[in-house]
Amino acid sequence: MDSLTPAEQRELQGRMERKQMKDFMNMYSNLVQRCFNDCVNDFTSKSLLGKEEGCVMKCVDKFLKSSERLGERFQEQNAQMAQQGGMMR
Amino acid sequence: MDSLTPAEQRELQGRMERKQMKDFMNMYSNLVQRCFNDCVNDFTSKSLLGKEEGCVMKCVDKFLKSSERLGERFQEQNAQMAQQGGMMR
Amino acid sequence: MDSLTPAEQRELQGRMERKQMKDFMNMYSNLVQRCFNDCVNDFTSKSLLGKEEGCVMKCVDKFLKSSERLGERFQEQNAQMAQQGGMMR
Amino acid sequence: MSFLGLGRPQPSSAEKLAAAEAEIEMVSNMFNQLVDTCTKKCIPADYREADLNKGESVCLDRCVSKFFEVNVKVSEKMQGEAAQRQKSGGMFG
Amino acid sequence: MSFLGLGRPQPSSAEKLAAAEAEIEMVSNMFNQLVDTCTKKCIPADYREADLNKGESVCLDRCVSKFFEVNVKVSEKMQGEAAQRQKSGGMFG
Amino acid sequence: MSFLGLGRPQPSSAEKLAAAEAEIEMVSNMFNQLVDTCTKKCIPADYREADLNKGESVCLDRCVSKFFEVNVKVSEKMQGEAAQRQKSGGMFG
């Protein structure tokens, strides 16, 4: 990556920002889909039941904490692998 | 969105048309995958059985009717939410 | 497709190569996800068990062989359909 | 139409377009997920008849309503989390 | 190669390319789904041996054949639906 | 950072950017799959409490470790396959 010119790095930076935005939106909608799927199963009412809402809130919390922990471990492993000269050696 | 110039609106329009085409293709292939998955389970023959074909046809019909109904409700809810000043208030 | 100019064909070629690279990466990560899902279920240890590793290796092998066979059949069917004048006639 | 706070004024033309596009894409993705989720919840996989019956139709309507409600709850919660995370510099800043 | 009627003559160069690209992408997506669907239907998840056995091979071949047949049936049906929908202006015009 | 051998010097600017982008995208996709896979393996779907408990945390850590190990094994294997396939001209050349 160090062989990119400054202009190329700026372009890459821009693309990465758009990608981050897209990733965030994907993460958000996966989160909604998963928590909806796991928590909402009663369609005899039009509004969320109290226990469904509680489940969704705990699901979101748990998912965010998991993602954060997984992100930390992922970066550690990635750094370790980079030191060993990449996955392919 | 009203802050876009006419040229920007045309560009956005074009991108949206390409997106619609892509969405249609995705919808189509999800439909095929779902109906195939739910209806085709016999691999002792090379051709579709009569009951498999009947199942696929009803599956497609039902999926299109569901999507249409979901589309109507989605637009109603979206309009209602826009009136209340967006999801974020 | 024969109505494309040489310049258009080169541009299309380039896009297809980028798409192939993307397809390969998707195939690779689906493969990892599937084999991980099916083979790794013990989280009392930090390293892969012998039987987990064996399962992953056989899973990869089997998946590559399946994909190859499916690719051959797919091309045959596609060619046959093209002769009959396309899916839509 | 201002979902998750996208769509606020942006300087350059490319950025304005990208923001508008992202907003439309978000709504469209949300619809696709709604279709996926609610048909799975409400339509049994045996397909006995081509028409939606009464029970299925009502289930779909309620599913849309609950799906929006969950989206509102989750996005409110995420905004709170985002504010907290902005300092600590987490992965989804 | 004219899947779902894509690929008819288009005026501008960008549109021609987009149509050709869409056609190739459609075929490629169809293949990816085929792989996903047919391996799930035909390959048991225990992976006792690295090779495809006879039963798995035959199942894969028949799965491809049935997958194409379903695609033909569904796309014929969708064309009928599309013609009907064009007047009423539904979501998938 | 040289995952699957991407990132080697490329002539044109567009190609260099595409390679760098592909590399970043690969790492990012891998993370997304890791999140998907490991939360499904380690977090039960009943959500009794908002916090991660000890067992869930340890399971997530080990899941990451095993997920990387599987990636290394699979990519080594694929490199071998790729070398073999290059002659026969298979689909994933």
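We just call them A, B, C, D, E and F in the order they show up, numbering each chain from 1.
The rule we apply is simple: a residue touches a chain if its C-beta (ideal position, glycine included) is under 8 Å from a C-beta of that chain, and two chains touch if they have at least 3 such contacts.
Chain identities (UniProt): A, B, C, D, E, F = Mitochondrial import inner membrane translocase subunit.
Keep in mind that this is a model prediction, so the values were computed, not measured.
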item: Minimum number of chain-to-chain touching steps separating chain A from chain D; value: 1
item: Touching groups left behind when chain C is ignored (all other chains fixed); value: one piece
item: Centroid-based (C-alpha) most distant chain relative to chain B; value: F
item: Contact-richer chain pair [B-D vs C-F]; value: B-D
item: Label of the chain whose CA centroid is most distant from the centroid of chain C; value: D
item: Distance between chain centroids, defined by C-alpha means - chain C, chain E (Å); value: 14
item: For chain A paired with chain E, centre-to-centre distance based on mean C-alpha positions, whole Å; value: 30
item: Chain B-chain C separation of Cα centroids, rounded to whole Å; value: 25
item: Contacts with two or more other chains, residues of chain F listed in rising order; value: 4, 25, 36, 42, 61, 65, 71, 75
item: Per-residue multi-chain contacts in chain B, two or more chains; value: 26-27, 39, 57, 61, 67, 71
item: Order of the ring members, counted from chain C so that chain E is second; value: C, E, B, D, A, F
item: Chain F to chain A touching residues, read off their complex; value: 1-5, 7, 9, 13, 16-17, 20-21, 23-25, 27-28, 31-32, 34-36, 38-39, 42-43, 45-52, 56-57, 60-61, 64-65, 68, 71-72, 75-76, 79
item: Complex contact set, residues of chain D against chain A; value: 4, 18, 22, 25-26, 29-30, 33, 36-37, 40-42, 58-59, 61-63, 65-67, 69-71, 73-75, 77-78, 81, 90-92
item: Chain D-facing residues of chain B, complex; value: 1, 3-5, 8, 11-12, 15-16, 19, 23, 26-27, 30, 34, 38-39, 55, 57-59, 61-63, 65-67, 69-71, 73-74, 77-78, 81-82, 86-88
item: Footprint of chain F on chain C - complex, ascending; value: 18, 21-22, 24-29, 31-33, 35-37, 39-41, 43-48, 52-53, 56-57, 60-61, 64, 67-68, 71
